[in-house]
Amino acid sequence: MTDALLVHMPALAVVVPLVAAPIAFLAGARWGRPVALFATALSIPVAFVIAWMASTAGEKLRYQIGGWDAPLGIGLVVDGLSATMLLVTAVVGFAITVYSLGYFAEQEKYRFFWALWLFLLASLAALFLSADVFNLYVGLELVSVAAVALVGLSGKRDALIAAMRYMLAAILGSIFYLFGVALLYGAFGVLDLAHLAAVLGPDVTGQAAFALITIGLVLKTALFPAHFWLPPAHSNAPSPVSAVLSALVVKGSFYILLRLWTDVGDPSYVPGMGTLLGVLGATAIVWGSIQALRQERLKMLVAYSTVAQIGYLFLLFPLVEIAGRHVADAWSAGVFHAVSHALAKSAMFLAAGAVLSRFGHDRIEGLGGLSRRAPVTMMAFGLSGITMMGLPPSGGFVAKWLYITASIESGAWWWAVVVLAGGLLAAGYVARVVVPGFAKASADASDADVDAGRLPKHMELAALSLALAALVLGVLGQPVLDLMVVGDPASGVIP
Amino acid sequence: MTYSGYLYDLLLIGTLLWLAVRILAEVKLFKAVVLFIAFGLLMALAWVRLAAPDIALAEAAIGAGITGALLLDAVGHMRGRAAPYPTDEPAGDASAVTEMGDGRG
Amino acid sequence: MSQTDVYTLAGAALFVISLYGLITRPHLIHKILALNIMSGGVFLVFVGIARRVMTPDPDPLPHAMVLTGIVVTVSSTAYALALAKRIYSETGAAVLDAPDVFERPEAGGD
Amino acid sequence: MNWPVIALLAAVALPFVTATVIFALGETRSTARSAANLLGAAGTAVAVLAAAASAWQGREERAFASAGIELLDIGFGLEADMLGSVFAVVAGVLWLVTTVYAIGYMSRSADRARFFGFFSICVGSAIGIALAENLITFFVFYEMLTLATYPLVVHSGTPAALKGGRTYLTYALPAGAALALGVVWLHVLAGPVSFTPGGALPFGLAFVHPAQLTVIFALLMGGLGVKAALFPLHGWLPAAMVAPAPVSSLLHAVAVVKAGVFGIARVVLEVYGPDAALLGLTLPLAALAAFTIIFGSVRALVQDDLKKRLAFSTVAQLSYIVLGVVLASPLAIAAGIAHLAHHAALKITMFFTAGVVAEEVGAYRVSEFDGLGRRMPLTMGAFSIAALGIVGTPPAAGFTTKWLLGAGALDSGTGWVLAVLAVSSLLNAAYFFPIIHRAWFRTPRAEWASGPAPGRAEADLRMVVPLVVTALAGLAMGLLAAAALSPARWAMLVAAMEAL
Amino acid sequence: MASAVPESPRGVRLAAGALCAGFGVLLVRAVLAIPEDHSGLAPVVAERLVDSGVKHPVTAVLLNFRSYDTLLEIAVLVLATIGVLSVAGSHPRVWAPVAEEADPVLSALARLLAPFMVLASGYLLWAGEHAPGGAFQAGAVLGAAGVLLALAGYARPAWVTKFGLRVVISVGFIVFLAIAVGVMFLGGVLLEYPRDYAKALVLIVETWLTVSIGAILVSLFIASASPIEELRARTGSGR
């Protein structure tokens, strides 16, 4: 019986949260809580089993939905990359769910939070597994609508406008992506990624399709200059939502870009695209960090930090273009950075949420003496700051290490300088929060508010455990690094 | 320009493009939405020309019908209220950024 | 110029026109209309491509994709409109940026 | 897992375990926390000594206990070798002493859980630096030390402390970035670099990539130079004196600054080895070190605040070690390594004194020290021993270092080093003897005339006893320099291995 | 009174115009380069159509070959409805509970058309198996009928309580998901209908989808609609 269950594991990863979502919708707020907790808890073992399957199999596993073989039917593909992203989604998803249990009071407007939340996690799982270009479109749309609905949930003026801006950007991105899919189907008559890789030829329509898809996904990943919608959306959303947006949702569209440019084709398919993405990434790092240094609100600072950290992911493309896909350093650097950033950034947003709930505001200059009033939250913020800065022993450091090695080996040393400068800039904006944290509690902050509404333990621990996970990743990250490169994406063999 | 009926297609596409420009340039929202519904019906016609009856049906029913109804309702909702420019004091509760206030009840 | 070329060109044209409209028209209703027309354009490209096959009936795959696309478009439009209405009732205006950004057109008569 | 490996792992892991226990215990349960801290410190001291013992045993067949984890092609590895265990013993043993002192010193201040927690992490990182088997593990612990020290510098939370912390970060973080680039670049060029006496770079690399290796050396020295307080990267050390006394004494006199100097020793001796001289890198570094000695001593002369004067003295003394390590003679290398231990014991005594005096009688500036010897005889007695030790009057430890350094200079044919030694010794005397003179031979203030209040010790014993212990240790290092297990003898052995 | 609409600044318009024009040229070049002879996956669909259980290729693709797309698509629809319900949360106007005197012309029209539309929806659902039609079109027509009735001010049926509406909105998705997972226990893969039951299963799924889509489209219109009184006021005055 067990190996029958194993075969269906990829489907389970999507089905578990997908089944839980309508149940939570029908169950309403009070019963939605246990349903969500159970579903997210269950998806962790599922993700671990999938990771185990991928690493033991050593190559791509295909799961043809509906029993129809590849070109006709839709396939779910499990390889190192998808297993890693599933694992991160499961772990971060569960931790944020635990945090959200205490975050939302019984309120009319939050009654559908759990349904939207489970739909979001289900769509992320579907996105990371799908091997069909059009299916990825539907998955992207599912992610976007769920994310926008969650952003607009608090009903406040800024949140609504931020949600609207995010919605328009998301729909525009999807339409660009769809136009690309149309041209791909027109040029190659195939929708499955592996088949596409096999028949991909130098063809104007194909190149235009890749360009359109990239523009669409850049819009959804909020790479500079298409980042305008991210800071208001990520900072005005409720904190658990901001955490999942910065940690996972932006990574979903980046994942598809990664598949497209390193699995199906390669960055030189459209001449100059790799370098363009790299330059935009570098500008994003600098621009995001500078903006983060200028923000007054903590959540805006963390949101602009996301804009900067997304820039790091895109440094991968020029390096892979020069060094070729088989020099795994740059590719592993990008993916590993995505993983460690997911852990650390979600911890940072959860900590920011804890600060907001403790002080009632998140203006940075009003956060004096944070380490005395909310020690665990301060620790969580500090530890995740270490990953942002890319200092050892964090996962961010390993990613930075791989980036520098790749750029020196491939001769494009300037990317290494960008990475190092980004680390220092990150130190700048992290210090803006940590430094006043150590200051003696300012006179006006009377001790009365110190223990006003002391945060429930599980919320602070959820943030701290995510931050610690990012650090552990820096030391014991080898299994993750081995898992990532399973099923060498460049092979594109037709199973 | 070889296949039969291309003149008909050109006319149809010309109208579609002209309608699209008119919709986006139209200042009065109600008129723009009505034009959009016409655009939807013409699109249904285009699907028939392209031998896609399923899509023609769906476009007519959903594209022109439901979307049109939702748009009309939205415009009605907006026109019935205040001027099109944001007033100084928003109608809603201009609560400070105490998102947590409502979050934690 | 086969029928495929004619309709795919029309689709591309609609796409570009509505992209211009989306960027320049600040009112939310206009933006949503532009996005719908843009989707329509992409669907035209899809079915135009399907039209290359003249056997008993055209390639069914793009048709299925367009049907899915239409349903997805209507659902995101519905949510966007509900959001726009809520923004209107909260802020009294259906625009994203502050008013001083815009030039005031001559008062549109009824 | 025989006992040497257990000792090795315990030495590094125990401080971190202690830190977690301290954080968990929190602010309120201070007695339990102090007990845990003392237990941890004692355990670490034992483990460190055991590791040193295993290093001593293994020195002939060079079989050192080691343990490690693999990540990418870089392995995090620990190894108890002779050179490493010198710094590890210094950090581990002095942590125990400083903990006693800190419990006394911090008895009335707030946020003690946070203080002792980060203090333990700092020591753990320092021991990790000492026992690192390769350049990458060294770098990881080095960066952890940078981060863990920050909360201690800004512990008091006053605006001045925050400003000192900001200066510290503006020096330390770019240094970390430079070091990171250097380490990665070297790793790309030469593959995994583990510390092997006599240089670890593949043969002939210096001929193939001379330019790159020079730039890498500059980057490494830049990164390590900040902590080693080489001129012009020393600015943060005096600014960090805003930290409480236990921090200034153990960290800014021993753990943190020695980490930088120890790093330079590792890189010059056990990474570049002969290539350093080949590429002509040792001479500029020696010149810089010499200049820093003179510069530090001159600046120390004009400082009226005791801790600032001691800080600049540390800047100068550290460069003795750098100078010793860089000169190409076993005697000089032995001098450098020995001074690492000598300076630690002596300078920690002086910083302890500064702390006690400030706490007990509120005297921060040297000019307020008139007749202090009468009021606090034990404390000032220890201070005087330490001062003499550093100035280098025989038979003190400082003399041994300067003697070996002079002999080494002659041996390596760099005569000008003798001149530097002479001038700096004079300067040392010039800034320490006035303090001793004021304390003992000037007429004391009225309230001090009658000596310590009857029936009461001159100050909190938990502070004075460690002070005296370290002073006696410094004295013993000088007197028993010829003894088998003295730092000087140990250093000679290490130097012998390095030079082959 | 038409709501005069603000204009975006001239600079933005020029830049956008240039951008779109340049972009348009690239698109035209790409679109014209689409190979004429490529027949895509049409032959594959035609060849496998026989064991898909339905004769109409588009329905076969939608509900069998690529049924996973449709499953996610329905999820998008349900999700959007949840979003609309939560956004309209502050003033939910779910279908007026009591019937008001309807505008005679509108209610007459509604009374006349509604039954035919339901009939047409049923036909479309059934026809989808062998001719153009199917769940979405049928659902849309059903939805249109519902909207018409609501506009005409007809009473909300008794079973349309808050929970009842939520059930009927998600019933299509739940049935589809249940069948999709159910077949896994019969030894197949996700969404792999056993050959001989394929037709029956597709029909069951389509029926419930139609019901759900109809309910969803109605609630999308009603839930976000402004209060019925105001609705009536505006349409009633018949401008």
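Here the chain labels run A, B, C, D and E in written order, and each chain numbers its own residues starting at 1.
We adopt the following convention: contacts are C-beta pairs under 8 Å (C-beta built on N, C-alpha and C of every residue); 3 or more make two chains touch, one makes a residue touch a chain.
All values reported here derive from a predicted model rather than from experimental measurement.
Steps from chain B to chain C, taking the shortest chain of touch contacts, total 1.
Separation of chain D from chain E in touch steps, taking the shortest path, is 2.
On a Cα centroid basis, the chain most remote from chain B in this structure is D.
With centres computed as the average of Cα coordinates, no chain lies farther from chain E than D.
With centres taken as mean C-alpha coordinates, the chain found closest to the middle of all protein C-alpha atoms is A. Between chain C and chain E the centroid-to-centroid distance comes to 17 Å (mean Cα coordinates, whole Å). Taking each chain's centre as the average of its CA atoms, chain A and chain D sit 43 Å apart.
Distance between chain B and chain D, defined via averaged C-alpha coordinates, is recorded as 73 Å. As a whole-number value, the distance joining the C-alpha centres of chain C and chain D reads 69 Å.
Residue positions 109, 134, 138, 141, 145, 148-149, 152, 155, 157, 160, 183, 185-186, 191 of chain A are each in touch with at least two other chains.
Contacts with at least two other chains are made by residues 1-6, 27, 31, 34, 38-41, 45, 58, 66, 69, 73, 76, 79-80, 83, 87, 90, 136, 220, 224, 226 of chain E. For chain C, the set of residues touching two or more other chains reads 2, 8, 13, 15, 17, 20, 25, 27, 30, 45, 49-50, 57-58, 61-63, 65, 67-68, 70-72, 75-76, 78-79, 81, 83-86, 90-91, 95, 99, 105, 108, 110.
In the complex of the two chains, the chain C residues touching chain B come out as 1-3, 6-7, 10, 13-14, 17-18, 20-21, 25, 27, 29-30, 32-34, 36-37, 40, 43-44, 47-48, 50-51, 57-58, 63, 66-67, 70-71, 74, 77-78, 81, 84-85, 88-95, 98-99, 105, 108, 110. Put simply, chain C touches chain A in their complex at residues 8, 15, 22, 28, 31, 35, 38-39, 42, 45-46, 49, 61-62, 65, 68-69, 72, 75-76, 79-80, 83-84, 86-87, 90-91, 96. Contact residues of chain D toward chain A in the complex are 23, 69-72, 74, 76, 110-111, 114, 139-140, 143-144, 146-147, 151, 154-159, 162, 165-166, 169, 173-174, 176-177, 180-181, 184-185, 187-188.
Residues 1-10, 12-13, 16-17, 19-21, 23-24, 27-28, 31-32, 34, 36-42, 45-46, 57-58, 60-62, 66, 69-70, 73, 76-77, 79-81, 83-84, 87-88, 90, 136, 213, 220, 223-224, 226 of chain E are the ones touching chain C in the complex.
Listed in rising order, the residues of chain A touching chain C in the complex are 134, 138, 141, 144-145, 148-149, 152, 155, 157, 160-161, 163-165, 167-168, 170-172, 174-175, 178-179, 181-183, 185-186, 191.
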